[in-house]
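Going by the order they are written in, the chains are A, B, C and D; count residues from 1 in each one.
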Amino acid sequence: MKKIINDPNTVVQDSLRGFAAAHADLVQVHYDPDFVTRVTPKTGKVGVISGGGSGHEPLHAGFVGTGMLDAAVPGAVFTSPTPDPILAATQAADSGAGVLHIVKNYTGDVLNFETAAELASAEGVEVRAVIVDDDVAVKDSLYTAGRRGVGGTVLLEKIVGSAAERGDDLLAVTELAERVNANVRSMGAALSSCTVPHAGKPTFELADNEIEIGIGIHGEPGRQRVNLVPADELVPMLLDPIVDDLPFASGDNVLLFVNGMGGTPLIELYLAYGIAEKQLADRGITVERRLVGNYITSLEMQGFSISVLKLDDELRELWDAPVNTPALRWGV
Amino acid sequence: MIDAAWMRDALTRYAKRITEQREYLIELDSAIGDADHGANMDRGMQAVVVALADKPGNTPAEVLKTAATTLISKVGGAAGPLYGTALLRASIAVGDQQTLDGAATVTALVAARDGIVARGKAEIGDKTMVDAWEPAVLAAQDAAATNSPVKEILSLAAQAAEQGAEGTIPLIARKGRASYLGERSAGHQDPGATSSAMFLRALADTAAENSGAAT
Amino acid sequence: MKKIINDPNTVVQDSLRGFAAAHADLVQVHYDPDFVTRVTPKTGKVGVISGGGSGHEPLHAGFVGTGMLDAAVPGAVFTSPTPDPILAATQAADSGAGVLHIVKNYTGDVLNFETAAELASAEGVEVRAVIVDDDVAVKDSLYTAGRRGVGGTVLLEKIVGSAAERGDDLLAVTELAERVNANVRSMGAALSSCTVPHAGKPTFELADNEIEIGIGIHGEPGRQRVNLVPADELVPMLLDPIVDDLPFASGDNVLLFVNGMGGTPLIELYLAYGIAEKQLADRGITVERRLVGNYITSLEMQGFSISVLKLDDELRELWDAPVNTPALRWGV
Amino acid sequence: MIDAAWMRDALTRYAKRITEQREYLIELDSAIGDADHGANMDRGMQAVVVALADKPGNTPAEVLKTAATTLISKVGGAAGPLYGTALLRASIAVGDQQTLDGAATVTALVAARDGIVARGKAEIGDKTMVDAWEPAVLAAQDAAATNSPVKEILSLAAQAAEQGAEGTIPLIARKGRASYLGERSAGHQDPGATSSAMFLRALADTAAENSGAAT
């Protein structure tokens, strides 16, 4: 295992310390239990928090700040945080207007956030939750744990965070979150595995000409292993299922998000973006807003995911609203 | 008989087992999950050992409760709430009894399994820890019905759990992270069922070693 | 070779097309010859341009925009651009106040920019150049081509770009560039090689426990191959030579830049940043500003570099000045 | 005699050679550089072939000038300006002669080498293309001094260049990208010296094939 770390057991805390030092103007990191808040909490608004296993940086702590999250809860690598830090973050994010939990749909995340929400309610904090499940690679049926929350989470956190920032109440913010989730679809592919620090070796092995299609963000294998194909063919393997699922149709205005899994450089992400935007245009779908980069990652995995969000005036306005976080910043 | 000391022994034994099997559980979780189950359980059970040293407890229920809350606050992931709920429900089910006889042992096992099912909503055959717990409970109930000693009850439960865990190999997962793989999940043993069988084996081994007292 | 590309021969142009589409609000990409300008050129100021081989994204095109570059010239992967596009970019960036070329110190870059500068002068454009050579891994002696330009380039482009933006004249901008270059030092390490698209296989091979110390940004091997060590030991292998070289001393205020080589995720970069900041503090050196992320990369190489820039009031103020580019944005 | 057609032949031959040796040059550049020399030269020489088809030229100098400007505007990196300058200087040196005899050939080679040295400031032994050009020029001068035919001059020059290129193997680089490696640059043949030797070999082969005319 080749990583710039000291010890698999302390990697999350060691990294948080560097993150805290690097962004002391924006965030404050609390330890034991570990959670991250804005350095200057904003009161009188709905608190918006999220969390999950670490290894997806900048998600979620990199999105704490004005116009996005009030707090984030990083668990161990690929392991949902326990209820304690979620509860602490919930209480820190509450200033009387209630708190929205943005939870990616994984059994562990759902169970731990649920428990924390019960505990917070018992302490008098009004909590609602949105479960993000945008991954079209997984069939949402009786035969699965439901669709995973992947790239759409980033878009949802931005839009919903900005709605809370402008003063929307908990019900409105929750409904908006549901609406974003209902209008976003994602899918990913891996060119290489990642190595979980405490596992010490790659989660799966791929031959030189193989890729995994339909991966999540935890280094888990995908639905299908296929041969590497040129980008012009690879992009539609992700984009077509996305477009067909909602479905997106000619005349739609969308936000297109091409996300790197951590080990794929920008030169390739922009290349994929260019193809995706063109293929949407060919279907009569207009890309009005876009995001390209490493925003929800799987450690050092090589690969990318595509997310498409159907926009309307309100979603576009909230996307454009100022945001000032370690990982996303504009309008400020 | 199972008393507080016995329960601490069993949990310590399980913690040791988990540390030994950490890599194996990580490997199982690599194949159909996210490669953390061994690390999760190890982190949790090490914390349980520390917590019990700090707060030994006077009844089996107290020991179980300390273990449960420690797991809930230290493990995370899917396994943390599931194991935590299992032990919490078992603790509640046996109340303040100083020692547990065969019937009480079965009560505890039933409550643990029900806790897992209540939280995780998995059914038998979904390729989860339920596939270890369910046959274990049935075997324990059968054994208790013929008034078998605790040692026997736990031994049969462990054996059934191990068979159940092995039986997950051909299954296609329908709950948890492995379900994302669809048909590709078949051919691999479920990590949570495996660690659950180890848990029941730790109980059985504790009973076997203390068999003079525990019959 | 595993990359999200169509053809090694078109990878730069294919990626530029995606880049252009993704950032049409900020930049305009010109083809044949290939160069990138601001979408709304600013006139009446010194033009600041840079360029070099591709494969270092977001450098340089990602830094085109208000407060930073006026134009950028991407060559083939790891190959300096030819004079033609440099000349075209120079002419596009000139609005009468002259143009500064920011050139990383590589034989090819220096020669091609020199030729372009001569051609531009012949066309009546006043051109000056700064050669960035901040890499302490290379001895600057008769026995080398001189130190390479690496991480310091990013910091220089920001600071000098902001000076031009506020209206400094060509002489002042050039002198400032020299001053930044004189006050910044960098060094890098690789955990893996990168694969140049037209080469099709990794430039070098590293065993599972080996890393390269003192690498540049072109996948070239470093000065030394050593065994992988914990981050606490790895960071000073880069930081100590940097600090000793200028030298930086107790009481200094600095900007600390921890840069990813493209394949190393943020979780590791923040971890390295935390160690570096602490080790500087232990020497009495205060980190006043910082940058952490993938800004000057080597394709998908795993690894990182550290740059330290000695700050004074003017440099700090120029660093803080607004910048609005695809890859760096604040204050706007 | 070397005329415009001969020069086009030689450059076309060189372009073919470079395409064949592209991977080899990339490999050499991987060891001590950035793995692009083969791609750079191939891109450039393919463009030269296209440019010459478009603009064949009437004199050796015109052909050389087209090649030079094409290389300058298509290759980039260190090799582009160096090769470009070499051919540009050679073109200027031979003026508007319709054909080049032995003396003129040497004049062209000297000018090419001087161009490379003027731009790159490398000396013999620095492990650069100069280590192929310098011995080639000396060999050509020696041969011309004894009034050898062009074919002979170029053959000896190519041979010397090849030996020079091979001779870069033990050297520690002091110019170009390989110099960053310090002592680690020893043990590898310089890519630019290698492609330079190929250039001179292409000239020699062209002369050999046209030997009836070229003596």
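Following the convention adopted for this analysis, a contact is a pair of C-beta atoms (placed from the backbone, for glycine too) under 8 Å apart; a residue touches a chain by one contact, two chains touch by 3 or more.
These figures come from a predicted structure and were not determined experimentally.
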| item | value |
| --- | --- |
| Intersection of the contact lists for chain B and chain D | none |
| Per Cα centroids, the chain farthest from chain D | B |
| Distance between chain centroids, defined by C-alpha means - chain A, chain D (Å) | 55 |
| Separation of mean Cα positions, chain D and chain C [Å, integer] | 33 |
| Inter-chain centre distance, chain A versus chain C - centres from mean C-alpha coordinates, in Å | 29 |
| Where chain D touches two or more other chains at once, by residue number | none |
| Per-residue overlap in chain C, given as positions that touch at least 2 other chains | none |
| Category of the chain touch graph - line, ring, star, complete, other | line |
| Pairs of chains satisfying the touch condition | A-B, A-C, C-D |
| Of all residues in chain D, those that touch chain C in their complex | 26, 30, 32-36, 38-40, 43, 72-82, 119-120, 172, 174-177, 179-182, 184 |
| Interfacial residue positions of chain A with respect to chain B in the complex | 8, 53, 75-84, 106-108, 111-112, 115, 137-139, 142-145, 148, 196, 198-199, 203-204, 216, 218-221, 223 |
| Touching residues (chain side chain A, partner chain C) in the complex | 2-7, 11-12, 14-22, 54-55, 57-58, 62, 191-192, 208, 211, 228, 230-232, 234, 262-275, 277-278, 287, 290, 292, 294, 297, 299-300, 302, 304, 329-332 |
